[in-house]
Amino acid sequence: MKNLKLAAISGSRRTTVRVGNVKVGSGFTVIAGPCGVESEAQTLETAHAVKAAGADMLRGGAFKPRTSPYAFQGLGLQGLKILDKAKEETGLPIVTEVIDPRDVSWVCEYADVLQIGARNMQNFSLLREVGKSNKAVLLKRGMHSTIEEWLNCAEYILNEGNPDVILCERGIRTFEKYTRNTLDISAVPAVKELTHLPIITDPTHATGRLSLIPSMSLASIAAGADGMIVEVHRNPAEALSDKDQAMTPPMFMELMAKVRKLEKIMKAEGLR
Amino acid sequence: MKNLKLAAISGSRRTTVRVGNVKVGSGFTVIAGPCGVESEAQTLETAHAVKAAGADMLRGGAFKPRTSPYAFQGLGLQGLKILDKAKEETGLPIVTEVIDPRDVSWVCEYADVLQIGARNMQNFSLLREVGKSNKAVLLKRGMHSTIEEWLNCAEYILNEGNPDVILCERGIRTFEKYTRNTLDISAVPAVKELTHLPIITDPTHATGRLSLIPSMSLASIAAGADGMIVEVHRNPAEALSDKDQAMTPPMFMELMAKVRKLEKIMKAEGLR
Amino acid sequence: MKNLKLAAISGSRRTTVRVGNVKVGSGFTVIAGPCGVESEAQTLETAHAVKAAGADMLRGGAFKPRTSPYAFQGLGLQGLKILDKAKEETGLPIVTEVIDPRDVSWVCEYADVLQIGARNMQNFSLLREVGKSNKAVLLKRGMHSTIEEWLNCAEYILNEGNPDVILCERGIRTFEKYTRNTLDISAVPAVKELTHLPIITDPTHATGRLSLIPSMSLASIAAGADGMIVEVHRNPAEALSDKDQAMTPPMFMELMAKVRKLEKIMKAEGLR
Amino acid sequence: MKNLKLAAISGSRRTTVRVGNVKVGSGFTVIAGPCGVESEAQTLETAHAVKAAGADMLRGGAFKPRTSPYAFQGLGLQGLKILDKAKEETGLPIVTEVIDPRDVSWVCEYADVLQIGARNMQNFSLLREVGKSNKAVLLKRGMHSTIEEWLNCAEYILNEGNPDVILCERGIRTFEKYTRNTLDISAVPAVKELTHLPIITDPTHATGRLSLIPSMSLASIAAGADGMIVEVHRNPAEALSDKDQAMTPPMFMELMAKVRKLEKIMKAEGLR
């Protein structure tokens, strides 16, 4: 892990990324919402539900990088405007993906956190562009990427002058087929000992199985993660993407009760 | 996951494996001790230390399957006798590996739990032989094995009439190099939903890094694991194998305090 | 492999991509040159050497996507002008990488084939942009991408109206450490049976070892590949990137003699 | 690759393993036959067919290590007797798997080459036992084993005094799903530069797809392999294992014509 001057821990200061009133890196931050913004009703309803359950930020994709060119690609600007309305109504900061360096400037008008997806982790033009913005960046780990490569990508952003990088472990590709990917929870303490940046996990994309999300959420807290990002949809069956892995609002509500309880007692007991 | 008649959950009964006074599958069972039995002094001293810290069972290898034929291969029968003495002094049941079907009968005279290592997960002759014994079996997941293949190996043991199988997730081989293997914690809830068998994790072999073991231990508890197996050596620097990843007794003592605290509050708060 | 209308074989016609006088998909096309364009002298000298050895096209990177932001990033426009001069002197068409959708239009003024690197395989904005150009595209397989995902990326290009896609298998990431990646030669006949597009291999990046390149080149021919891309540098020791895996001109000359011989006899004997 | 005294190349002598009249390591040796011995008629008919096509040895499993305990496990001694009859009738030496150290002595009465399967590559008790026998050993690479680990397993055999080890690359486990495993053809020249032992490939198990076997066979020859092992069944549809990947006798006949042609011209042209 050489040449990581900016990412390396200097002194014992850890980075806290401020997004509105939320401080990522202090407590356990929960980002929730639909995979993609599909309509105003779907987004607003889900936004109110995750707010009620205690989420800290709203996620939602206006641009969806899809394996096939014939799959739903997102609503674009219209989607961003819907997210803006959701923010206005709920007060939740918006986390949304940007996939083209040409879009960064205007997506910044709507986003509070710019998400770089796993497929674009090494899209260096895009990394430089978000590094020049004044928005926090959620940098997902590529499904094929070593921790060292991932931290070098954070370095591309930091090197442009943007200190607000949040790392997100979202599962790596392995031979195991029961889960969609393998959530590498050991990356959480590894990143903590290698850098000063906050790190969250993505149990939804990592497992691809609703039934495993609660356990992986609690395990993330216990491992020292600074938060998690999960998919919630008011009606998963009608979702245009990831319909099999989005939680319903009641499931999310139930999970949040456990998450907040564990977070609280781990802190009280000196376990994190 | 077809054809897994014996492993499948029938009704809601989960298997509890009794080993002396220890009930694996009820509470969080901790198995600790040196990688290999190297001498009487080393083993006894370590055994007393892990007992004092609150471990439930003692681990120690008398037969070491090593990558190279020129590496330390274990003390064999002499090692088993040392383990027997350690059991006599501490009362801790013994977990020890067996690697040859011809050894099963006489290793059973000393072992309380027969360990099948990752490299032998699909050594079907060995699986059948331990399946015919009356000892509990700790079946490690092969580093290259899917959950489905692993459960089929448990089936080989169960099918011979031995119901006492404890599964152990010990890390799978991936491209990541920072950790020795990748601890697949999602295998814990996956195995829980697929079978009635108890499952523990092995943070030592999975990470190969002392600094990551505490986080991975707590994450295992939060994910619902029934226990863990870790390496402790009275003086890791002098160990003949795995010297870089064995905990010292004080480190283990400190970890155990956290482990018992988290286990207790998770149970009290209804989180597991 | 559903929804791959354009990539699917219709009738028995296979695509031949014409680049100047070169027909990729007819015979065995060899693309050779330095990893990066470092100077005019280095590039011109290497270009003349690969031309003399019988290469069909010249490769050279003006934009280098590097793991670290502090590594050599390429000469940009200056590099393209050097490549242009090399083309003028040798007559070899130019294959060069493009990494930003904003660069496609002006890189097209210099490139004959636009290369999409492994890290950008799923950079959909970039794929769409090169799909709108009138240049042939060399699409490398992501190092952790399935064949299905790769073909879907070709589909993004084809779907914009550009039929001239050349696929390039460049090694996948596995646990094996002796080679840098694992050249998946079975992808050659797999792609042939799934699509009508030509496919070449990249023995240099796949193996990362000079000593293995000749064998992997011959194996590619025998497997039915339509060509290969390899790194040649007039003086590998002074290269700014990939210095340990670039062939010297004499090594390349020797390899080309074998390549042309095998190609010829396989055709004569009806083996391909 | 330290501590590999016996496997290391001393001088320029390469090992040639003699099995009856066959010299593995000199020319391209073809081992063919059914996955498992299912009946006398099936085995004899297939044996005559592969003999007629020009195979050098007959393969056939009497003990089948199967993922599930409920799958066909082989005919055991009865299967060996059938193989013996096939040898008597065709003159082809017999290659058959042994999976239990207790079986080695009596399997040696029937086998000419003892096969160690991928799952047993690190079954060190078994390796030592075959190392004490006077039969040649075909050592398959574990599906998740590095080349270094594999060579260490050869060392276990060599270290017991048996010099006749034939290595077999049979595909490694990766994320790719189109093929059953990924044939690592680069392991062929890698093993050649690291050891003096002969190496063959197994296109059948590596690809799991009939359509890819011919290309991978030719690629193996071009890469410098000393032979290959393939599955042939008189009537694949009725096979009790691997029915989707066994060649029919006519397919094998057609492949052998190409194999012998390529082998001959590569030698004549100085390409191997």
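Observations, loosely collected:
Should a chain be cited, it is by its letter among A, B, C and D, assigned in written order, with residues numbered from 1 in that chain.
As a convention for this text, a contact is a pair of C-beta atoms (placed from the backbone, for glycine too) under 8 Å apart; a residue touches a chain by one contact, two chains touch by 3 or more.
Being a predicted model, the structure only gives us computed values, none of them experimental.
With contact taken as defined at the outset, chain A and chain C are each touched by B, D. Centroid distances from chain A, each centroid being the mean of CA atoms, peak for D.
Mean C-alpha position of chain B lies 35 Å from that of chain D. Centre to centre, using the average C-alpha position, chain A and chain D are separated by 48 Å. Shared interface positions of chain B, i.e. residues touching 2 or more other chains, are given as 144, 148, 173-175. Per the touch definition, chain C reaches chain A in the complex via residues 3, 65-70, 99-102, 119-120, 122-126, 142-145, 148-149, 152, 155-156, 159, 173. Of all residues in chain A, only 144, 146-148, 172, 174-179, 182-190, 193, 206-207, 209, 211-212, 214-216, 218-224, 258, 261-262, 265-266, 269, 271 touch chain B in the complex they form. The touching residues of chain D, counted against chain A in their complex, run 144, 173-175.
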